[in-house]
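For reference, chains read A, B, C and D in written order, and residue numbers begin at 1 within each chain.
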Amino acid sequence: MPTLYNRIQGRNLDRLAALSDGIFAFAMTLLVLDLRLPSAAQVHGERELLAALAALGPQWITYAMSFLTLGIFWAGQQTQLNHLAEGTRDLTWIHLGFLFAVTVLPLSTRLLAEFITYRAALGIYWLNILVLGTMLYWSWMYAARNRLIKADTPEEVSHSICRRILIAQAWYAGGAALCFIHPWISIAAIVLVQLNYVLAPRLWWKKPRL
Amino acid sequence: MPTLYNRIQGRNLDRLAALSDGIFAFAMTLLVLDLRLPSAAQVHGERELLAALAALGPQWITYAMSFLTLGIFWAGQQTQLNHLAEGTRDLTWIHLGFLFAVTVLPLSTRLLAEFITYRAALGIYWLNILVLGTMLYWSWMYAARNRLIKADTPEEVSHSICRRILIAQAWYAGGAALCFIHPWISIAAIVLVQLNYVLAPRLWWKKPRL
Amino acid sequence: MPTLYNRIQGRNLDRLAALSDGIFAFAMTLLVLDLRLPSAAQVHGERELLAALAALGPQWITYAMSFLTLGIFWAGQQTQLNHLAEGTRDLTWIHLGFLFAVTVLPLSTRLLAEFITYRAALGIYWLNILVLGTMLYWSWMYAARNRLIKADTPEEVSHSICRRILIAQAWYAGGAALCFIHPWISIAAIVLVQLNYVLAPRLWWKKPRL
Amino acid sequence: MPTLYNRIQGRNLDRLAALSDGIFAFAMTLLVLDLRLPSAAQVHGERELLAALAALGPQWITYAMSFLTLGIFWAGQQTQLNHLAEGTRDLTWIHLGFLFAVTVLPLSTRLLAEFITYRAALGIYWLNILVLGTMLYWSWMYAARNRLIKADTPEEVSHSICRRILIAQAWYAGGAALCFIHPWISIAAIVLVQLNYVLAPRLWWKKPRL
């Protein structure tokens, strides 16, 4: 009897997509809630205000980095779901695990902003990215094994989705390892990896016309 | 005249699903807002940071438990709505009652995290789960009585949805009753019941290919 | 040229519905954020915890009342949008005005919970409900005048939507006026009006089978 | 291989719309969270409550202004997406940049409410509006260059979308420049520009029947 129930559960990919969009939207907006602005009592004059805002620099960097992280994984999950024909109960739970890691990211970000010179904070942030990547990889492996992928998806697409995750995670791991030199170098490396995925392809070849 | 108005109200199940996804997404992300991180002023060195994070353990357990709870009931509501052909005004209000209990869950979680050794806090948390289950059961009973279920839904699906809720609630009630021994045992039992619904089927039989 | 731009704007009712669902979902979940729980330092023993929770009673009543308000207006807006064939720029802005009043409701609720014996707080809360009703009424009048209503909508549906809003607002105004006797009587009256719209029809006639 | 991956990414405009609706809905609701209400301990009597609420006036103006800003840009983005046939990876990132600016707006608003007489606060708020307009303009230019616009979109629609953004941004820049006379004049000018886009067309010609 649970077999039957489990068979009818989680087949609606549209609702999984809607829940994901809601969680990503909230996590992205939540990041900004943690930025502490100077209060009017502490500031006297235009210059002091600009100086107080400039002092928030490290907070802004971690915030922008986390927005990039969420954007990259949102786009990655979307690409996967676009190629799936239907869902199953297990796939739903793999994605709920993925979404759990998404809801934790604002917390890892806050930790990193508070302890930006601590290797432990950076390690936890990287762990969060690792879990996001692992769940997405698992999701695609599971979908491939259970024939949930749309029939018209070429084999190379499937390969490129897997390779993309593995290569990105290798870069992130390398960037995180640099924290043994200094956490700032590590953060700079992770942001560079992210900007590569967001912008760099423009520099090397012409965008394909779709 | 209200008869007519009531007849035209609440027929759009898509919007009910969208509202539900929004509320679940928000409640899931909200849980993490209550986790209090150590502040930089209190912590001196990498080890102290890890120790301070480890001390948040009980908070994490209630947080993860509530994420599981929300995930289980989100999947359960989704399964029901997938099998309904259309909505009515009354069905809408049953689900709004269900969603009310969803919005209360972050509060019950916060209460449980703050008073984790109090039977009253655990009792309220269990009551919250009970209301969630009751509303879902009521929703299905109502839909069956008013012929809102899709014509192609086999009888056994209807039975399995009801039985699933009753069995799960029996397990939760049993787990909650263990708080008379000790609240921690009770929490462990509830988490085990949840993990059973999330993971356990993998252990006993091969997943059906859909 | 703005004529052309204004003509192509705001035609997508699906996105208006999605934005509305998001705002209602957040506003409903936000209400609970304002409930202040007792802290562990103040409470010693199970009984004190229950007593502290019972002391939150007035907060809970305003919270539940606001959830009912949001549920009623969400259902009302949904019913309207279901009967519209397409949107216009002006209709979009009428609904954005409606959504503005929705985002203000958590604030009115907080004000009422803090100043539950003040007529001014109750007056502002009622004003909020009045604006919600006015915008919905305006939206339907506008849609009727500009032939945005679906062709298959019978005349009586249109009448029942208008009459429903007017009668409900008359009840709310009457309830709010009772605050000149005592704010608590007024709150009780408003909750009764709301419960009438949520539950009462069950008492007087059999629900129509749809 | 990244070429292939980039080609399959970001084609789902529905999910981009859903993420946008979630972020706009949250940002709109978030604004109200920052309004600080008087507490019961400070207020004695109905009149003091009304006086305390009236003292919140400047907060309300910045709040209402930001809701208008978000409403205008939500409607603008919707109009664009309605005319696009499909998305690409790059278009997705242009819109994620736009959404980043949306999540920052509640923060700019809070800054402006706290430092309402500072030119620097007003300058940052205007910068935020400028980024929103720039991303939307870039998005349309990109879509036109890459033939993503629906085939049935007349040339004049494309022109009116571009001109609309440029003229609005010119008005905003002019309004912001008035802060060198006084920030209040500048805020009044920006609100007037916004109200023009929300309401004014009604005054000059009859609304087109769609």
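A few comments on the model shown:
Assume a residue touches a chain if its C-beta (ideal position, glycine included) is under 8 Å from a C-beta of that chain, and two chains touch if they have at least 3 such contacts.
Note that the structure is predicted; figures quoted are calculated from it, not measured.
Between subunit A and subunit B, two chains of identical sequence, the interface residue sets overlap only in part, with shared numbers making up under half of the total. Using the average of C-alpha coordinates as each chain's centre, A ends up farthest from subunit C.
Averaged Cα coordinates give subunit A a centre that lies 36 Å from the centre of subunit C.
If each chain is reduced to the centroid of its CA atoms, subunit B and subunit C end up 25 Å from each other. Subunit B has residues 18, 21-22, 25-26 in contact with two or more other chains. The touching residues of subunit B, when paired with subunit A in their complex, are 17-18, 21-22, 24-26, 28-29, 31-33, 35, 37, 39-40, 43, 46, 49-50, 53, 64, 67, 71, 74-76, 78-79, 81-83, 156-157, 159-161, 163-164, 198-199, 201-202, 205, 207-210.
Residue ranges of subunit C in contact with subunit D, taken from their complex: 1-12, 15, 18-19, 21-23, 25-27, 30, 86, 88-90, 92-93, 96, 99-100, 103-104, 106-107, 110-111, 114-115, 118-121, 124, 146-148.
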